[in-house]
């Protein structure tokens, strides 16, 4: 059974000061797009290299999840440290994910260039950073998810299928 | 009072062998675009990791400027060492700036892909690399400056306002 | 005489299990595009940081080639290690090459974002990574090669001329 983890990165959500809307936004997108059976793990962690990095390592190395989606912590603010955590956790960075998500988001707002979101692999897990704004999550997933199933194939993760009406996953023949 | 520094990076300009045209080009653009009061610091330094890096650190840590624009030294030539200086100085790199400036410049010349210009933050200072050609400076500033005021807000730097007829700065509500 | 090296990176081709089609694809493109005289060196190496890195260093430091084109080994699979070799070999990375090649390839397939291909310089040698699929090699060379001759000029490598009907090389006047 494929395992997908959704990690909301937010000081305030971790302290319970506001409701996590990003985890549900990621889950809602996956529910419409991914048609093959999968387990969903969800967590909320505070910003920080150790808090984010520790959770990502745990999900990769202990929980053996196939795919992790994170949201939040990728901007230039002092507490935005998700990319610093990625630097510690990733074995291979895939710069094309960040490039495409910034390009797509730039069609909406000029501040899209402030995002440092990236993606990459650790062992047989693919990790993709998404924005911390619920409305932007679907925009980014629409853009990059068509490449996710084949990426999982390539790294030896589980196989996932998508609904082509929502997400036209591509696998070279 | 917001402080903005303009750093021309050029061996020949630093030796006085030719007149610095990049500093004035950056200043002219700012004069039309930035409407809020600000101090301008200008300097000309030779190419090199130590010369560029030292000046950037001085401007960030001693002069406490809010924004630094550099011009020059970002190509592949042996004396182009501005990105190497950035690597030493930056705490957080913002890859979206370089991506967008290369994309925009690519509409003019195919050699735009040779530029290694980037941007990023050190403490409460944002540093943005611009090309060493005066004519290309406005092209790049037009592209990325709409994201600069909000970036300064996020990192705790001073607030700047722009003339929307020249530069439509965006701040999420 | 300008020296150009073509390096096919592939475990299976290196073991002779299948015929190298990438080297010939790169050679065929150069034959139509580059009109100035040049020596061609070709090699096939197994995937791996040491095998690829060692060959690149040998071609740069001993063979003193002006330009190296590699194909293969840039994806996220466990045996894709060309970018890791580049990290060891390059003195200056030129991120605009990878950005443009991914952007162009993305017009064909959404999995283009999985490519980690890059380019950069070591001494007076320019190294450019191309995909491991013969059909994609021309697509990428068409996109980035217009900037290659001027890049070679800038790093002190040999001068090459191109047929403008195939590749409109650009040199600022």
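Brief remarks follow.
Order of writing sets the chain letters: A, B and C. Residues in each chain are counted from 1.
Just so we're on the same page, a contact is a pair of C-beta atoms (placed from the backbone, for glycine too) under 8 Å apart; a residue touches a chain by one contact, two chains touch by 3 or more.
It should be emphasised that the depicted structure is a prediction, and the values quoted were computed from it without experimental measurement.
Chains making contact with chain A as well as with chain C: B. Where the sister copies chain B and chain C meet, the same residue numbers recur on both sides for under half of the interface positions.
For the pair chain B and chain C, the distance between C-alpha centroids works out to 31 Å.
Chain B has residues 95, 99 in contact with two or more other chains.
Residue ranges of chain C in contact with chain B, taken from their complex: 92-97, 99-100, 121, 126, 144, 146-147, 150-151, 154-156, 168, 170-172. Listed in rising order, the residues of chain B touching chain C in the complex are 75-78, 80, 83-84, 95, 98-99, 102-103, 106, 109-116.
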